[in-house]
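Two complexes, one shared chain (subunit A), two partners (subunit B, subunit C).
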Partner chain A sequence: MPVFKTPFNGYAVKFSPFYENRLAVATSQNFGILGNGRVHVLDLTPAGPIAEFCAFETADGVYDCTWSEDNDNLLVTAVADGSVKLWDLALPPTANPIRSLHEHSREVHSVDWNPVRRDSFLTSSWDDTVKLWTVDRPASVRTFKEHAYCVYSSVWNPRHADVFASASGDCTVRIWDVREPASTMILPAHEFEILSCDWNKYDDCVIATASVDKSIKVWDVRSFRVPISVLQGHTYAVRRVKFSPHRDSLIASCSYDMTVCLWDYRVEDALVGRYDHHTEFAVGVDMSVLVEGLLATTGWDELVYVWQHGTDPRAP
Partner chain B sequence: MEKAINRQRVLLDHLRPSSQTHHQSSLSASVCLAGDSAAYHRTAAFGDDVVIVAAYRTALCKSKRGGYKDTHPDDLLAPVLKALIEKTNLNPNEVGDIIVGTVLAPGSQRATECRMAAFYAGFPETVPIRTVNRQCSSGLQAVADVAAAIKAGFYDIGIGAGLESMTINPMGWEGSINPRAKDFQPAEDCLLPMGITSENVAHRFGVSRQEQDQAAVESHRKAAAATASGKFKDEIIPVTTKIVDPKTGNEKHVTISVDDGIRPDTSLATLAKLKPVFKRDGSTTAGNSSQVSDGAGAVLLMKRSVAMQKGLPILGVFRSFAAVGVDPAVMGVGPAVAIPAAVKSAGLELDDIDLFEINEAFASQYVYCCKKLELDPEKVNVNGGAMAIGHPLGATGARCVATLLHEMKRRGKDCRFGVISMCIGTGMGAAAVFERGDCVDPLCNARQVGTNNLLSKDVL
Partner chain C sequence: MGSESTTAPNLRDEKPQNPDSVKAMDVNGQVAEGDSTKEIPTKSVFVNSEPMREEQVQNAVKFLSHPKVRGSPVIYRRSFLEKKGLTKEEIDEAFRRVPDPPPTVTNVQATATSQDSQLKPSTNLQTQIQGQAPQPAAVPSGAASALATLPRTKFHWSHALLAIGFLAVSGAGSAIVFKNAVVPRLKSWIRKVVLEEEDESVKRNLSKPSLAEEAAAAAKAAAAAAADVARASQEMLNSKNEEKKYFETFMSVLDVQVAEMKSMSNAIRKLEAKGEQHSQSVSRNGPSNTSWSASHASQEDSRGFMEGFKQAKVNGTVDFDSGSGRPMSAPASMEPSVAPHPKSYMEIMAMVQRGEKPPGIKEINDLPPNPNQPPSNPRLAPRMKPWEVGQAQNSSSYTLQSQTSGENSSYKVEDNGSASQLNGYSSEPWWQRKNVRISEIEDENDQRIASYGIVPVANERPVQRTWVPPQPPPVSMPEAAAAIRQPKSIIQKEQPSNDQVMERSSDEVDELQRITKLSELGGEVDLNNSGKNLEISEIQEEQSGIEGN
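Let's look at the complex of A and B:
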């Protein structure tokens, strides 16, 4: 499958929920430490190279991106200068971004669109907060401030419109209900910083967490004293974890050890596959909702790979 | 800037697990390595890297008695220059410059001889040539000069070479010595015979006769083994020349393709019998000094993008070069200072280096430098050195490049970085760092890997 070279270091990839051949890539110059950012919208061409549909530049690194579940042209990005920017693919680059929301006081590290209600999205930031936004309002609807350190990721529950989880460097995952005044559950999931979490798409009580301690843990929020499963195999901090939209027990992860792993957390020998195609930190991974088994990854080696699980990502 | 430091701190904490990381106050990142010993290529291969696509030398022969005793110096240089062109199928018109390191011959005469040699080798008149003299490191300096000129964009393809015929140009001094030198101790020390500086090193740093003789035995043993197993065949270009029989005056045509100074039967017992040459109670003998030799070497360098376009194999990448000054009275300590300087400027640490080629001007300084840098003997001069093979002053640097890069090629991926260094008369040292090219390993290097996490040690 084809490869796309980005000028900056990759930070995140996301397949479009509307078009099976489209994906967005968030990138940052100089490893996201200093410099500009760029978000690329890429189109897979049948048996051809990856074509760039459009690209938008930002004044600081782009750490994450997500597609609107409601409008196929709307893309939201988390920018390192603390802003959240909305882009409309139907408009020319000069008319973009259509909105730039400045509320976070530090780097915004993740953004996630509500897949159930489809009208709102969450951002989480190194300023220790999570914010809830809707497209039609110029300011955030609510700020969730309980974490004691950077919040690296916040993800909506795929079944409940008001429930989400947030993963933080304070070594906890918190479960929130936006109708409640405070978090409804605190999960001290790891002894070390937690960099990512994701809900199981088939069981709304199961959540996976990825940590600096190199492990991925799978939890049932109803009995959170012991994890259902601990997935060992990465040799450095696990940067991102993602449940498969197609198989209930399949998990994809990427890590600072430069590999991308696939896991089946229900079986004893959980590691299903390991891809070592990246030559720098692998930081972005996504699985297509529309094409079963289609994976995309990006990393600090400035490359975006899209391939079918089971094939070699590097194969031309 | 504070923002950038904070970002680095957050990311660094991801790599250094400890439960209270974010309460740490000071950020301390490890050295940002330009390259390291990772199992894979971490540094991207850049198109403007200076790479070596070919490196050859003549066999080295004892001066006055050896195979080249009746050979003109230009006839030594021409075959290696010609080999570079023939073996790579390069159009000689494309060569931007040829730089020849050469020491003892009169400057202008040697420059003329080199120009003539280029014509013998088939270079057109449009290709320029010049000489460079940094004493014993002239050959390496020539290679470094070409690399620098390619980096600077003066040209894309160049040749660094070395040439010395110590038969025709023995060491000496012409004219009188400025009496003023007496008022400057370092200046006066520049006039010391090299052997005396060797005695000074042995005396000042306590290198025993036994250690020196042992190093000489090792050098001969390794060089003999390398010759016997045909290792030098890859790098030696045979020279067809004549030898005049001193008694009968008959001319005989010969082809010389083997170093003639190596004595496989050298032993501690035989060396122990030799008398010190430079000082009555000294320890430097003819057996534990480098041999006086004739020879030449040449290295073809170009930009990586050009090499790839031409489909030429990349033997190595020129990473860094450093020349430093030391006390002229102990000039032999040069490598001990120059190697760390070159390694540092390549963004590496000494442990990252897999192979060393250190010129054995004298066993005393060679032993001292290895001890001072705590080098693993398994990594240094694995195919012997100047005590066995010979030290034609200006050619030695180019000879070392050929020997090092061919050995690195044989060793494959296990051997990523190599260093060449030598001491320099009048008190200097020079060193250069080379990285193995990224050609595919030969099958004979295949071996089982126990554990492989594919991570470099700089992140561990």
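Let's look at the complex of A and C:
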């Protein structure tokens, strides 16, 4: 399994929804404290090694990236200086970025493209807000301001075009409907900051939340007082959680304990896989939509691993 | 979204037998509303339908009525109640019951409720536009109110601290006073009784035992009374403790804010003092770093760490050309142990807090050279997601799949071509599952087949392609073809649409064939410039060309 070494510390990986061998990696210099950023577009080659298709540099660290769902050339990055940048891979690097949307007053921590409508995306920021954007507009379409602390992640519902969830450091997850003026549900999911959330692709009412309290909780929004399942096993904060696009109860998570775990929340012994290939915080994880079982992770050890679930990521 | 209306007339010309899809494509708004009407019955799932819990509301009212709580910004009060598990309804009801909410935040709430009435009707876009207008107004007013209450809250925090201290002291003091007052009284009373007994014991020897008994009984009663008093004072203390606990959690939140404010003012002072100092030294100070990292590595309690985090994170808010620190805010938690950070992370944090800039940072201009640059046309149509395939197969109106599934072989070639772009690799790449069943591959290809046939967002592709060209693997060919191409077709190409993707691929190959025809026939081909008709006419021309040959 090939490895890619990035010059900066990794922050996020995302597989392309168009090309099964393509992924984007968001990286920041100096662990994202202070420095430049770079987003790499990598191609898996059949021969083995990972090749870099192109890379774009930013003045400040890149905390997250996402691919457009209706244009295979578009890549969006969340930058630590509060801006959101759009990159067009079909244009030369000198013509990039094609947009820099600067409205957030603090670091933009995550960006997510709408998989149903395919024309809009959300950004969440440490300025406690979530913003909705479309590519054709220079300004945000809407700002969602209700959280009392940093919003770490906002994720669209895979089946309902206007519903999304946001996870915040104020220890709540809010569910929003873009057509409604305010959030429609508040889940006080954890006692500590919630770093990530993701929807079940096959059950549109199930959501997983990952928190600093080292646990992942799986909730059904129809009865949200008690979680369906609590997944314990990480020894430090869980940084990111992702539901599999192919199996309805499979969850991938990465944590500051440097491991990447796979869980099946419907099973008694939920932990179904554990990978400890990273030597620093594992910060980004993604599961390919086009290739079942293909995982990619990155971490502060400046490495990007891509491997099939069940194989050893470090095997040559 | 605009693509549907532009291609609708073409489709109508060619395929009159699909009125459903044409109707669906007629008006964008209808499609959107169709979506939303479908959504409404299921949308309610994402809304809290619990009835209001009176107990929670009353607790919240008690909380909100407290004078200390009154002084804090509304957003923190709401956040506290939300964390306790109250629903929006309950929180709003509690706010309604507590008289006189602060005026600064009623603006935000008023705009929120006014949006409610505004946003019900019309299409999504319109609602979004309307929503945007009051939202920015709400945001600055909310920010202004937060700022306005800050100086006030400062006083209230110290007042609150004093008040809580007072409460504690008074509670303890009253208990002590009680004990001190009652117990001596009891003691003196007991002494009196005992003295009386002693006096009387001289007189009454017989009644000594009874006196002793009486004394014992009196002592017991006194003890019982004392116990009662102690219990009463304890209960008072307990109730005070309960109240204290309730507020302590609230105060801890406020404490965090105080700490942040303090560190922010410290940081500002620091930065002002060390403003221009940016040593480019690469050398990492050994001893100071080891001491720093050692102290932090051994530190289980995150208190000091958090201070450092918050300070450096707050630095990020200070607009500072030479750069300000910004750590991970995520791990700054109270109780769960903070993960040991890498050593170099500590070093960089230390440098930043000293005001030094870490080495290797370049000045990069990452602004867009042309902010109005239109994005390039997409080369591929969006694919269906694995979880959407199940949905699509269930819907009865799709007739494509049975047709397109017959095109397996040609599509397989396409897919492999797109997957391993310039390699021409026919065998499976390593990232495909090696131990997967063959049927799974078939399923995957079926998904892709369906995706090529189905355009997303409830749009049907009624055009039955009887012959579809394989995608040319080298991407550079269209450019070369375009150079030879006549100008008219270029205008066509620039229509941005999802459907255009498929047209492009067919156009490219059509162009190639036209070029070959040109070379063969030595003549110009008459172009028919309506989108899809191009393909049909090409086929016809090709057929005629073949026949001619």
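Just so we're on the same page, the second predicted complex is superposed on the first by the 316 of 316 C-alpha atoms of A that agree within 3 Å, B and C clash if a C-alpha of one lies under 4 Å from a C-alpha of the other, contacts with A are read in each partner's own complex, and residues count from 1 in each chain.
Definition applied: a residue touches a chain if its C-beta (ideal position, glycine included) is under 8 Å from a C-beta of that chain, and two chains touch if they have at least 3 such contacts.
These numbers were taken from a predicted model, which means no experiment stands behind them.
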{"item": "Which of subunit B and subunit C A:K14 touches, first, second, both or neither", "value": "neither"}
{"item": "Which of subunit B and subunit C A:A59 touches, first, second, both or neither", "value": "second"}
{"item": "First (subunit B), second (subunit C), both or neither touched by A:A161", "value": "second"}
{"item": "First (subunit B), second (subunit C), both or neither touched by A:L34", "value": "both"}
{"item": "First (subunit B), second (subunit C), both or neither touched by A:L132", "value": "second"}
{"item": "Partner chain in contact with A:R240 - subunit B first, subunit C second, else both or neither", "value": "neither"}
{"item": "Touching partner for A:N73 - first (subunit B), second (subunit C), both, neither", "value": "second"}
{"item": "Touching partner for A:E180 - first (subunit B), second (subunit C), both, neither", "value": "second"}
{"item": "Partner chain(s) touched by A:D88 [first = subunit B, second = subunit C, both, neither]", "value": "second"}
{"item": "Touched subunit A residues, subunit B compared with subunit C", "value": "C"}
{"item": "Footprint overlap on subunit A, where subunit B in one structure and subunit C in the other make contact", "value": "31-34, 80, 107, 126, 149-150, 169, 171, 192-193, 195, 212-214, 236-237, 239, 256-257, 280"}
{"item": "Residues of subunit A defined as touching subunit C within the complex", "value": "17-21, 29-36, 44-46, 48, 56-59, 69-74, 79-80, 85-86, 88-91, 94-100, 106-107, 115-119, 126, 129, 132, 135, 138, 140-143, 145, 148-150, 152, 157-163, 169-172, 175, 177-186, 188, 192-193, 195, 201-202, 204-205, 212-214, 221-222, 224-225, 236-237, 239, 245-246, 256-257, 280-281, 289-294, 300, 306, 308, 310"}
{"item": "Sites on subunit C touched by subunit A in the complex", "value": "1, 35-36, 39, 42-43, 45-48, 75-76, 78-79, 82-85, 87-88, 112, 115-116, 119, 124, 127-129, 131-132, 135-136, 138-139, 142, 312, 316-317, 323-337, 339, 342, 344-345, 348-349, 352, 357-358, 360-371, 373-376, 378-380, 382-383, 385-387, 391, 418-421, 423, 425, 427, 429-436, 440, 444, 456-457, 498"}
{"item": "Interface residues, subunit A side, partner subunit B - complex", "value": "31-34, 80, 107, 126, 149-150, 169, 171, 191-193, 195, 212-214, 235-237, 239, 256-259, 276, 279-280"}
{"item": "Complex contact set, residues of subunit B against subunit A", "value": "3-4, 7-8, 10-11, 13-15, 17-19, 21-22, 40-42, 453-455, 459"}
